[in-house]
Each structure stands twice: as structure tokens, then as C-alpha cells.
Amino acid sequence: MIFNNDTRAGRIFDAGLILMIIGSITVVMLGSVRPLEGKYGALFTQLEVAFTTLFAAEYLLRLLSARHASHYARSFFGVIDLLSVLPGVVGLLLPGRESLLVQSLLVIRIVRLVRVFRILHLGNYLTEARVLSDALRASTAKITVFLLVVLVIVVLMGTAMFLIEGPNRGFTSIPTSVYWAIVTLTTVGYGDISPQTPLGKALASLLMILGYGIIAVPTGLITVGLAQARLTPETSPASAPGVSCQRCGSSTHLPDARYCSRCGEGLLARQTAP
Amino acid sequence: MIFNNDTRAGRIFDAGLILMIIGSITVVMLGSVRPLEGKYGALFTQLEVAFTTLFAAEYLLRLLSARHASHYARSFFGVIDLLSVLPGVVGLLLPGRESLLVQSLLVIRIVRLVRVFRILHLGNYLTEARVLSDALRASTAKITVFLLVVLVIVVLMGTAMFLIEGPNRGFTSIPTSVYWAIVTLTTVGYGDISPQTPLGKALASLLMILGYGIIAVPTGLITVGLAQARLTPETSPASAPGVSCQRCGSSTHLPDARYCSRCGEGLLARQTAP
Amino acid sequence: MIFNNDTRAGRIFDAGLILMIIGSITVVMLGSVRPLEGKYGALFTQLEVAFTTLFAAEYLLRLLSARHASHYARSFFGVIDLLSVLPGVVGLLLPGRESLLVQSLLVIRIVRLVRVFRILHLGNYLTEARVLSDALRASTAKITVFLLVVLVIVVLMGTAMFLIEGPNRGFTSIPTSVYWAIVTLTTVGYGDISPQTPLGKALASLLMILGYGIIAVPTGLITVGLAQARLTPETSPASAPGVSCQRCGSSTHLPDARYCSRCGEGLLARQTAP
Amino acid sequence: MIFNNDTRAGRIFDAGLILMIIGSITVVMLGSVRPLEGKYGALFTQLEVAFTTLFAAEYLLRLLSARHASHYARSFFGVIDLLSVLPGVVGLLLPGRESLLVQSLLVIRIVRLVRVFRILHLGNYLTEARVLSDALRASTAKITVFLLVVLVIVVLMGTAMFLIEGPNRGFTSIPTSVYWAIVTLTTVGYGDISPQTPLGKALASLLMILGYGIIAVPTGLITVGLAQARLTPETSPASAPGVSCQRCGSSTHLPDARYCSRCGEGLLARQTAP
């Protein structure tokens, strides 16, 4: 039942699970707010014990009911399920504040929310997620090149700023200056460190305009990737290579065309192709 | 007259309404500036009373003149019209500062500005607005997936930073740390909270570069959505409504198609159309 | 000579003008730095007098040599040329610091740098600039809709934050809160004002993620606009409507095609079209 | 061996080199952190001497084994290789802290990491890098126009803010104000300088919304550039190099052209090509 959500019982089980995940994360989060913890600390601990017990029971159940227990235990969600329980168990053994810190790790339960797609029968959401990740994967090589260029820029710029501004103006070391360069290049701009000398400001301005332009690159890559994912043949099987008109040779047809749009000839290849 | 803007009177009425909306919002805004309120408080109150009276009168008029009063009252703009009046009436009954706070709610009148499109006969603006919202709606599934991924990232990253930096460096609780993660991922970067330990800075750098890349995803989605909205048959005049196959009625053809892609019939309308 | 840059003398004149513009702006900028002004104030004043005299002379010369003096005087660059001189003249009549402030207005001379395109015979740069501005103009309606939506969002969000955070936490008035909303929505994030209550932080997070998504809209609009500017027939006059093959009717040709790419027929219409 | 990475020895040599580059940069970076330098200063110096000796030896080896020593010495990587050694040698001759500053320059070694592509046989990464740089180069004219517009905006806006806010609110001089305008337009927003007068805030809001829109331009340019780089003939096999007209030699055809668009000759190569 807990692996199969086609049944009504399975769906109710999944819905309950989602509520439990959200509930337990809320408890962990509120438990980290000191004033609330002072007031409701005992209640939070009790709730957390309850949630952990339930999740532990669910994990054991899954382990027992799985056809190949070891296969499940080593799968992605198997590991996440274990990590959603372990900190709770360990946390119970530790005293006071320590326990709370360990329990913070329980927020990893949020990863389980991804199962929400399963319960909602959101097949098309999964398709979209795959389109997104396909577009990203197709751009992996370009993104790697891009990240290397960014790395070289922030290291060189960070070191230059360290030499120009010096430790007395916040640029205390090269790693700190590289951190500043990343904060600036990504246009986050905390302002905890900022240039104060004219030369430093000039170089920072250059870095900002560079970052302004560089931010365009991943956007362009993803956009083109997404555009291609939507236009490539694999999504429209009907217009695969080879489906060209026998009479006039035109190969630009609508995906579901059955007659040539140019000369009216029947598209035979289309009818036999898969 | 107040529902129909094809007449000259209707258009003058609408123009007056827009001026009143802008005027009343300006008064509410200036009334919230303490030095100005001290000086011109009485004037502002009088103006607000006048505006509220007029808007209330207009609301009642609309209610009376509408064919189905209850239908209007429950429509989107009916509710907005009511909300544009209520806080003013309530505000008059409360004393001093309290009244001012309630009157702040009157800025909801700005939503009525959307009517500006009606008065200006900006049909094409409405078309553009529909293209925009269509492009957004077509990407709903992808945007949902994207927001869920963002949620998982900020919760995990926020918790990690809470454990690394701790309450003494501004990361006072998990919710606060998640708030910091959102501020960083979106590249807003207030700087009210910023990492101070080397490990925290390293993790923050990672989050920034991630955010830098992630910002590309919605942009890509919207861009592709917009591009598709412009390329779909309805915008290309050649395949405009009317140019449908005489035999099978199909109306999805390539812009320069001369034969129906579904049945092979010649597209006569195409050959005579300009 | 000063209107015509086809001659050698005209080009040298233009080059000198550009150097003078850059020089005079540099002097104005350095003159605003107090320590430098203390030291070299006299020199800066003399240089500024010299530059202003030269620009004034140039303006008079242009006025005299223009075929229609009044036409030039009212043209865009005629007004810019006048504004590049006036503050200098007025500044000379005022004493000390006052004079300096007025002279700051001379930076408007930078607009004249746009002439750099003329001297460098950068015809294709002008073409590119026109492609850019065409793409922007074609999106005017969508951008207007977008800006109205942004206006409504920042006014409503700003007011909500004013009510939630209140004047004691930096949100001193509705206009200030609206300013904060703009700073946040555009992901600038100075941090001079930032939410401090949990509810304020939650609403700010919402605004940030909204801004994160909304930033995608103008990008998408411009990208699609640019893509269309490059692909539409109107920029390649040769393939204007009407230039379709006489034999097979195909109308998809390369811009400079002289024979039909589908059937090899000569494209007659092409040869007579301008 | 050090120039040729097709042999096994060459590849091991390259891998060792990459480790050495990363190691030496790490040492330089950690050496700039004052507490670490206090503790491990001597160790860092020794390691740096060792790295510099090795890099110097490698440089000499490359110089000796290159077919044309002077050609290598003047090549891009030849200069980088020299710059990766020089500061180390100079640094050894200077005392204490001075030496450390000079050694910071050694981070230029990171540029050599680009060789990582050579060792990993990442031919397709180089292709991707070329696609990226081609897309950037094709947009050079547009980007120049864009940067000039940005320059004009930040100078005018910076000066306006200098006049509005004045030196007492952080806008100490025109160059500083221009720096602020760049920080704002690029949405970095440090917050070290921020407008405080109502008029200044209004103008800043305008600049932010402008920046918000302007950021779309480079993104659009790069996206369209990338999209075109993927769609240009060289990537579509049908019109690959070789498919040029037999009569006039033109090689720019539509992907599905069957006749030369320039002279009308049938494209034979097309009909036999796959």
C-alpha cells in the first residue's frame, strides 16, 4: 500500500504523509526560535518524538514490505527516508540545546515533499521537470566553461581588490576578497564589505558591469536549451527525420500533417513511421 | 453611463474617476508622512472625506444602475469598488492616528487604475496583457516545479547556515535563516544578516552562484512562452481565422501552406487572400 | 565643415570635439572632489572657462553656418549643444561653491558623445542601435502593461509593509515603504530599510520571489523582440511581401536570393523591387 | 612531453601540473589570512619556494624544448607562465609582509587552469567555449552601443543625485555618485551610499526600474546570439560545408534549398547527401 498510490488507501496514506512532513518541519522551525522554545519547548519535544516515531515506523514498514529491502535502502528516497529519522533518534539521546541542533537536521524531510507529485498524479509536472533538467543537462558543458570563467574572474578580481583596498578596509584576506567578488558579481551586494578607495570603486564598477553582462550567459543558455527542448523532433515524433514529401521534397510540415503543405501529395512515410 | 464608455459622457466620467483615484491615493500617501500630517492633517482629512463620499456615491450608483446588482457586487471590480470605500467610512469613525492607519487601506483604489485601459480604448493593450498572462499560465506547471525546488533549496540552505553561523551572528532561528537564504538566492542582499565564518561564506557563495543560475530558469520559461505566443497561428495573418480547409475544416496550417496538411485539399482561401 | 564629416578636416574636427568633451567632463568631475578642488580649484576654473568658451564658439558657429539656424536650434542636438554651454556661462557669474554646483550641469555634454558614432563611420552601430530601439518600441504596449502591474504591486506591498512594520522600524511613511518595495522588487536591496518582524519578513520574501519571477518578463519581451527584429522580413527589404516565386509560389527565400530555392525559377519580382 | 598530451606520460604530467596550480593558489590564499600566517607562515613560505622553483623549472623546460622559444615566450600562455613565476622570485627577495603582497600576484596561475580542458580531452568543451565567445563577438556592436547608453545614464544620474543629495548624505563627489549609480543600475545595491531625501529616493526608484529593464538588453542579445549560433548552417548538417553550388560557388542556402539562390543551378550535392 505504501509503495502503490493507485489505490484509494494509498492516496490517503500519501496525503497524510505530506501533512506529517509539513507539520514536523514546522515544529522543527518553530523550535529553533528561542522565545517560542522557551514557552512551548516541552510541547515541541513531544510532537517531535511523535513524528520521529511515526517516520521510523514508516521506514521500517517500507523496508519490510519492499521486494528487495537492500535495494530500497540504497535508493535515493531510501537514504532520504533514513536521514529523516536518524537525527530525531540521535536528538532524543542528547540533552537540551544540543538535541535541538541535531533535530534541525530533520528539515531534510522537506526533500520528501517531492513525493507530492506522486500523490497528485501530476504526470505532466514530472514531464515538465524532465524538460527542465534535460535543458540543464544539455547545457552542462557550456555551464562548466561558464563557471570556470567566473572562478578565474572572482579569484583575480578578489586578489586585485585585496592588494588595492587592503585589510584595513574590510578586505582582510584573499579568500574574503574573493567572497566579496562573488557577492558583487552575482549582484547580491550585502554591503558588509565595500570598496572605499577611488581605485577600488573603479575596479568594483568594472566588476559589476561585467557581472551584469555575465548574468546574461546562463540565462541565454537555459532559454535556448528550453526552446530547443520544445522544438526538437523527440517531442513531436511525427516529424522525425525522413518524413519529407515524395513529390516535391519539402520537409517542413506540421508535426501531425498527413499531406504535404506545398504540393498536396500524401505523406506516405508518415503513415508507416512509428 | 458609468458602465458604458462608448459615449462621450462615459469617457469624461472615466477620466474624472482616474483623476480622483490618483488624487485620493496621493492624499493617503502624503497623509502618512508625519511632518506633512502635522501641518496639513486637517486638510488631508477633509479631502479624504470628500473622496470617500464621492467613491461611496459612485459605488451606490453602480449598484443601483447595474442590471444585476448582486452580480456586480460579487464581481472582481465590484469587490474592489467596495474595498475602496469601506476603509474610508470606518476610518472616519475612529480617532486620530488609528484612523490614519485604516485609511492607508484606501490605496487599494490603485487597482481601479486598471480601468485606465478601458477609457483609453486600449484594446491592443488588453491583447498584450492577455498574451503575457497566457505565456505565464502556459508555464504554470514548470513554474510550480521551479518554486518547489527553490523552497527545498532555501529550507535546506537556511538550516545549514543556522547550524554553521548560529544565533550569535544574526542567524537567530531557522525561519530567519530561511529568510536570509531567500534574500541571497534572489540576489536582493540587504546585508542585515550576512555570514561571518569562513564556512558560512563559502556556503553563501555557493548559494549565490546557484541563485545566479536559477534566476535563468523563470526567464527562460517566460521567454520561450512569449516566443511561442507570438509564433502561434493566431498571430500570423496567413493562417488567420477563415483560412480553413474547405473539405475537412482544419485550420492549423503552416503560414505558407497551399494544401491542407490534413486532407490534401487545396487551400483556396489562401490563393485569393491578400 | 562642422556639419559634414566626409572630409578629412571634418573628421579631425570631430575627433578634437570628442577629446574636448571627455576633457571637460573629467574637469567637472574632478572639480567636485573636495580635496582636489582645494588644491587645483583655480586650474579647474580656468580650464572650464576655456572649454566653455570653445563650446560657446562652436555653438555660435553651428548656428551661423546652419542652413536653417532656427531649425538647428530646435533640433535635439541643437538643444543639447546649448545646454552644454549655458551652465558654464551662468556658473562664471556666480561665486565659489554655487558656481561649482551649476557647472556640474555641464556633464550633459556627455550626450554629445553619441556623435562618436558619426566620426567613426560606424554605420552598422547605428543600425544596431536602431534594431535595439525598434525592439524596445515594438514592445511598448507590453512594457506599459508591465510597468502598471509593477506600480500596483509596489504601492500595495509598500502600504502593507507600512502597516505591518510601522514607522519605528524604518518604514516611516507609505512613500518610503513604496520606495523600499521598489528597492526589493528590483533586487537592488540597499538594506537601509529592511523588515524586522516575522510577518514583515514573510511578506518581503514573497515580494522577492515575485520580483525574481517578474524580472523575467521584460527580459522575455526584449529577447523575443530582438529575435523577431533579426528574423522578420521588414529588416531585409529584398524578401518583402510580394516576392514569391512565380512558378511554385514559395516565399521563403534568403534575403538576397535571386532564384527560388525550391524550383530554381528566377525571382523576377526581386529584380524589379527596390 | 610537456607540449604533447596524447601520450600517457604527457597526461600524467598535466594532471600533476593542475594539482600544483591548485595547491600553490591555496597556499597563497591561506597565506593572506593573518591568523593562519602567524601560525604557519614559515611552512607557507617554504611551500611557496618549492612551488615557485618547480614552476620556474617548468617554464625553463618549456622554453628550451619549444621549437621556437621566442614564439612560445610571446604567446598568451608563455606570458602567463612567466607571470606565474616572476612574483614568486621577486617575493623571495623582499622581506616579511611586502613579500606576501607580491606573492599574491601568483594567483594569476589560476589562468593556467584553462589547460584543464587540454588534459581532459574536452574537445567539445572547447567547441562550446567557441560558441559562447562567437555569440558574444557577434553582438559586439550592440554591446558597445549598450555600454555607451549605460555610461551616459550613470553619468547623468550620478550628477543629478550629487546635486540633489549633496556631500553630506554620502554623495561626496560626482565620481562617487556615478559609482553609486552603477551600484544601483546593476542591482548590486551595497547600501554604503543610499538616497535619503524624498526627491533622491524618487530618482533612485526611477533608476532601479530603468536598470531592471536595461538588464534585459544584454540578456536578450546573448540569448539571440546563442540561438543563432545553434541554428546557423554549420550546425545543420544539410547545409554543411561542401554543399556549395557547383556553378557559382555560393554556399549560403536555406537548409532545405534544392536550387542555388544565387544562380538557380540545382544543388546536386544536396540530393546525394544523407
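Lettered A, B, C and D in written order, each chain numbered from 1.
Rule of thumb we're sticking to: a residue touches a chain if its C-beta (ideal position, glycine included) is under 8 Å from a C-beta of that chain, and two chains touch if they have at least 3 such contacts.
Note that the structure is predicted; figures quoted are calculated from it, not measured.
Enquirer: Could you work out how many touching-chain steps separate subunit A from subunit D at minimum?
Expert: Shortest path length, in steps: 1.
Enquirer: Give a one-word verdict, same or different, on whether subunit C and subunit D use largely identical residue numbers at their interface, taking over half shared as same.
Expert: Mostly different residues form this interface, as fewer than half of the numbers used are common to both chains.
Enquirer: Which whole number of Å gives the spacing of the CA centres of subunit A and subunit C?
Expert: The separation of the two C-alpha centroids amounts to 38 Å.
Enquirer: Between subunit A and subunit B, what's the gap in Å when you average each chain's C-alpha atoms?
Expert: Subunit A and subunit B have C-alpha centres separated by 27 Å.
Enquirer: Could you state the distance in Å from the CA-based centre of subunit B to that of subunit D?
Expert: Roughly 38 Å, centre to centre.
Enquirer: At which residue positions does subunit D touch at least two other chains?
Expert: 175, 187-191, 215, 219, 221, 223, 227, 256, 258
Enquirer: State the interface residues of subunit A toward subunit C in the complex, per the touch definition above.
Expert: Per the touch definition, subunit A meets subunit C at residues 187-191, 219, 223, 248, 250, 262.
Enquirer: Considering the complex alone, what residue numbers of subunit D touch subunit C?
Expert: 141-142, 144-146, 148, 151-152, 155-156, 159, 162-163, 167, 172-175, 178, 184, 187-191, 194, 198, 201-202, 204-205, 208-209, 211-213, 215-217, 219-221, 223-224, 227-228, 252-254, 256-266
Enquirer: Please name which positions on subunit B make contact with subunit C in the complex.
Expert: Per the stated touch rule, the residues are 25, 28-30, 32-34, 101, 104-105, 107-108, 110-111, 113-114, 116, 122, 124-125, 128-129, 131-132, 135, 143, 147, 150, 175-176, 179, 182-183, 186-192, 215, 218-219, 221-223, 225-227, 230, 256, 258.
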